[in-house]
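First chain A sits with chain B, and in the next complex the same chain sits with chain C.
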Partner chain A sequence: MRMFYENFPFFCVFLALLSGILTTLVRDGKKARAVTLAMLLCAAVLNGAVFLETSLRNVNFTYAMGAFPAPWGNELRAGPVESMLCTVFCLVMLFSLMGGGKDLEEDILPEKQNLYYIMMDLLAASLFALSYTNDMFTGYVFIEINTIAACSIVMARDCGQTILATIRYLIMSLVGSGVFLFGVSMLYTITGHLLMPSLYPAVTALFDNDSLHYPLAVLSGMMCVGLAVKSALFPFHTWLPTAHGSATTASSAVLSGVVLKGYIILLIKIMCRVFTPEEIGSLGVGSVLFVLGACAMIYGSVWAVRETHAKRMIAYSSVAQVGYIYLGLGLCTPAGITAAIFQIVAHAFTKPLLFIATGGLIRASGHQKKLYYLRGAAWRNVAAGLGFTVGGLSMVGLPLLAGFVTKLVLGQAALAEEIPQWQMITALAAIAVSSLLNAWYYLPVILQIWKKEPEPRGPEGEVYDEHKENPGLSFRTAVLCMSIVVVLLGCLARPFVQLIARGVALL
Partner chain B sequence: MELNEILRHLAENRFETASVLLFVVGLAGMLFNRNLFKKVVSMGFMDSAIFLFLTSAGYVEGRIAPIIADPSVPATVEVYSNPLPAGLVLTGIVVSVSFTAFGLALTQRLYKKYHSLNIDEIMMQARKSED
Partner chain C sequence: MKKPLWYEKLERWVEGDSPALPEPLAHVENPEPVKEEEAPVQHGPSLLRSAGGTAMNRLTTAFGILCCAIFALLMLTTVAYLPRFGDADNAPENETSRRYIEQGLEEVGATNLVTNIILVYRGFDTYGESCVLFLGATAVIMLLEADRKNTSQKDRLALRRSDALDEEERNQILGHITTVLMPVIFLYGLYILCNGHLSPGGGFAGGSILGGALILCENAFGARRVQSFFNHKVYHIIKVGALILYAVLICYTIYVGANGLPNLIPLGTPGSILSAGIILPINVAVGLEVACTMYAFYTYFGRGDL
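Our next item is the complex of A and B:
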């Protein structure tokens, strides 16, 4: 007998698609927004219920779609990790839309607002499907749906810069998905399967016979690189700063917090459920991801230090933070993957918090995006200032905040016995240098936005009114909620990490 | 391996060889071509290469499509080629077409705004207008 909650993953995908259709019908931006927010809330509750049930029972389950059983039909599969990440995604998208609402109203033409929310619904649907799918080709199709929706929300703010950013994003994304699809096709021609549970024994048999080592290395490398391009791993990150830096606030928050992570979840599933982490390590792909992750941590931070544009600085910091995730994955141990998943959750809350807060600070400074003009802005919008401070300090790695736990768990994973010495040293050095660089560019900004200025002035010498900007209730709620989560993740780290570790064992 | 042997292998796997070559051409075009229109066309190349690879994987010499034309002949697996890759290719074509349309629409918007298809020139102009 199937438990009722096992239907929820499918309901979530369906609900998101349904609300997309509803949104096309309502045509009015405000109503479309309400529909989307309600859908995200419902999906968060449903995913949360799946997470509670599966983590309490410590089980995962397979859900057959339609009337056909496994080799013919399509399947969903949910466990604690997938459902937890989907819950996080719903909440982050909800908070991002709430916090970026005012910018959305200004940046997007009124008659096109409902189209923006359709793309958000589509994004949610594709993220759920990417997390829950048990089939490689379904994964590919939803990667593409995710890409098209993500590109559309970049160009929602209609100007030359965003269109340029979109087309660069589109081209890099298509390179990524093309390479990924080629990898999947090769895997299919070798094994004759596309469902993960059927692929796993076939791939294991190949490893046991020690046959086709090079084809497996090439195809797993292609799949990893394809997904890495889409999640902006160094050196494929060139599209990210312009795309995330020029889009409207809510888009930047969703793109950095959620969209990048969807691809990484599929990668984790491939690593754990098609191959095993040790196999990926023995093929040499793990080491490549590890080295690229370490490079990204340093490179992204160095560019963030040099950046003077507020949102682009945060976007470069995303490049570094994605590096942390790949560093954990590259270790190819359960502990490394646990650290990577923790970083996914931590970053999913911290980066949107920073983007939303920066959006608020920019609004309070007469829409000036250069860091220089944000000085004293925290006094003009206190909620945004507090949010930025919490997010920035978490990125730097202040204890009791989420970012610190990431570095700690990652360091512990790198110090395990089975990790080769060069990886241990590289990982620790990269974490240390990257934290230092993070402090170098976040702390001055935090100090600057809290600097009390007698008469804050913009570039033309205009004076900002201290009390002109009212950020609104939904902005305050969003920033407050995300700040609380960042603090909670830092304070309750141990049980949460154990929960993830148990979930990773079930993958 | 002898050169002859290598050539023989390549000729035996001519579909795979052709698709890898085509894929590399498309990939190089997407990454290194500066003309936006050609980038979009290169994407078509790349996708076609993958479709060729997949279709050739399902095609078996001398077998027919799995459609029962004559009900009196008993249907056996040995007569038919594998239909699944064709289904995958069909899905892939839909995705590829929609992305081509999206890419061309964006290219057109950029051309109307900057009067150029060269991405470097567009980037330069966009940077100028930002400052």
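Our next item is the complex of A and C:
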């Protein structure tokens, strides 16, 4: 007899899907919002329960979706890592929707707000399924759901810029899913399986046959590249800055904090459960991811330095932060994967915090998005200013904050004995340069927003009223909670990293 | 009081694009700065865009062709390693497909073995696929449903005028033939739907026939006639009802199967119309969903409304 908590991953997926479907009948945006927030809260509790159970017992379990186990039917598989990430996703989406609520009401027509929340519900469902799946094809199906929902939340703010951004995002995304599907179908042709537990021995057997290394390299490369396009790894990131920079605040926060990560988790599962990290490394795919990750860390930061539009600057910084994740994955060691997962969690809280805080600052500055007009905005919306400061300093890598731990863990993983010399030097150099660049563009903005202007003025000389903008309770709660998590991740780093390392060993 | 030099330097760094600098930027001198929303989307390096349009375009095109060629080469060389199609000892001829073929009828109960696989063995995937349809329709509504941002008063008048014109000059031949054919098409669609577990067909195929029939109706008799029986309310009720029915059935099957509880839905005699447990109602639900989605795509693209 199965433990009851083992049903929770399945409940979460269907809870999110059903609340999306039922929201169609709710025409009122406010009620739809309540349904979505309640769903996210429930899912956070359920996923959190799975996380507690699996991490306390140090186990993971497979859950057959029906009476037929692998290799015949669909399966889910949950362990500490998957359930932790799902809990993080729920909380981040919850905070993003809370913090971006006011912008959302203004940016999206009232009669279409319920549709926006349907997209959010299905996005949550797809993230749960991508994290928990034990089946390559289920992964593909929910990648499709994720793509459509993610494009729709960019499109929801119906203006020329977002439509263009959506078209670019959609095309790049579809290229990514197509390439991934090619990889999966080739894998099926040479192994005859779609479920990870059956694929693992089949792939291991294929590795003994030297003549099949080439197709294995091509298909694993295709799956990795497909997922890399969707998670905006350099040089496939071109869609990201416009999409994340022009969407409504909540969408930007969810897209960069959560959506990019869903694909990376699937990639980690493929790396660990279909192949082994060493196999990926020996095929050369690991090195490609490593080099692209290092390039992304520097390239994204360079473009962020040049950017004068607040949200696009943060979006470029996402390109760099995704690079950190791929740098860790490219090392192809458990320590590297642990560092990547830590970065996923750290970035999942930090980036939405920055987007939400920037949204608040922009609102307090008469909706001006140029950095220049944000000067002194922190005094007009103190919560947003504090949030931006915490998030920005974490990105720079100040100790006691989450971003520092990422750099530290990544550096430690690169210093391990089995890592080749060139990778170690590249990784350390990339971390050093990227940290410098991060400081270069975040610190001036932090100083600017706290600079007290005697009479803050907009582009047409209008004076902003100091007390006109009340950010509201839910905005303050969201920013405060995310800031606290960023600080906690930085302070309680050791137990948390150990927890992830134990989970990675179980993958 | 004169500021020390280091302080001035720090200030310049902090103030990045400040107009207070010796070289003020354009947006301060310009009384009406370019608004962010209307600004053309800036993508990629501005350096590249300014470096002459056509030469750059040609280079980009060449680069794109090169990428495609490399990708094609990669795919073609890989295909050489894949096993020949249809060989008896290919990898997919394993215990998985053997069980689907040998025990599918007995375990799941539909004589159409493909239906067994997609709706029961891998039922979760297929539920995901029907959610893709739901999501696609929702995204289209989000983008195209007429609202004050995407439709002007003029557009609305033009649509009403062309509707009135259509109403006057309805195509007589199309109308008469549709009147004769419509019941047959609907019946055929329903047959494919309800017979999906016994013969080739099922929800996706039958649903697209029904959707096609609705589109034909709209063309032959005008949108208003279709609206009289298929309006927003009906559309939402059918769509949500079908998906909920599907979800309930699949959740029950998954929950019961995963927890080792007895499945109370009878499988019936293979080959009879009321057999194969959840497959028949699921096929009907999928068919209704597909028909609604197809018709919604058609009308929202054409008219921006149902």
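By definition in this document, the second predicted complex is superposed on the first by the 504 of 507 C-alpha atoms of A that agree within 3 Å, B and C clash if a C-alpha of one lies under 4 Å from a C-alpha of the other, contacts with A are read in each partner's own complex, and residues count from 1 in each chain.
In this section, contacts are C-beta pairs under 8 Å (C-beta built on N, C-alpha and C of every residue); 3 or more make two chains touch, one makes a residue touch a chain.
The model shown is predicted, which means the values in this text are computed figures rather than measured ones.
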item: Per-residue touch tally on chain A - higher for chain B or for chain C; value: C
item: First, second, both or neither for A:Ala416, with chain B first and chain C second; value: neither
item: Partner chain in contact with A:Cys151 - chain B first, chain C second, else both or neither; value: both
item: Partner chain(s) touched by A:Leu22 [first = chain B, second = chain C, both, neither]; value: second
item: Partner chain in contact with A:Phe142 - chain B first, chain C second, else both or neither; value: second
item: Touching partner for A:Leu115 - first (chain B), second (chain C), both, neither; value: second
item: Touching partner for A:Phe182 - first (chain B), second (chain C), both, neither; value: both
item: Contacts of A:Ile167 with chain B and chain C, given as first, second, both or neither; value: first
item: Common interface positions of chain A, toward chain B and toward chain C; value: 137, 141, 144, 148, 151, 155, 160-161, 164, 168, 182, 186, 188-189
item: Chain B to chain A touching residues, read off their complex; value: 23, 26-27, 30-31, 36, 39, 43, 46-47, 49-50, 53-54, 57, 85, 88, 91-92, 95, 98-99, 102-103, 106-107, 109-110, 113-114, 119, 122-123, 125-126, 129-130
item: Touch list for chain A against partner chain C, complex; value: 1-2, 7, 10, 14, 17-18, 20-22, 24-25, 63-68, 71-74, 109, 111-112, 115-116, 118-119, 122, 125, 129, 135, 137-138, 141-142, 144-145, 148-149, 151-152, 155-156, 158-161, 164-165, 168, 182, 186, 188-193, 198, 202, 211-212, 214-215, 218-219, 238, 241-242, 246, 303, 308-309, 369-372, 375, 443-444, 447-448, 451, 459-460
item: Interface residues, chain C side, partner chain A - complex; value: 13-19, 27, 31-33, 36-39, 41-45, 74-75, 77-78, 81-83, 90-97, 99-100, 107, 120-125, 127-129, 131-132, 134-136, 138-139, 141-143, 145, 147-150, 236, 239-240, 243-244, 247, 251, 253-260, 263
item: Residues of chain A defined as touching chain B within the complex; value: 137, 141, 144, 148, 151, 155, 160-161, 163-164, 166-168, 170-171, 174-175, 178-179, 181-182, 185-186, 188-189
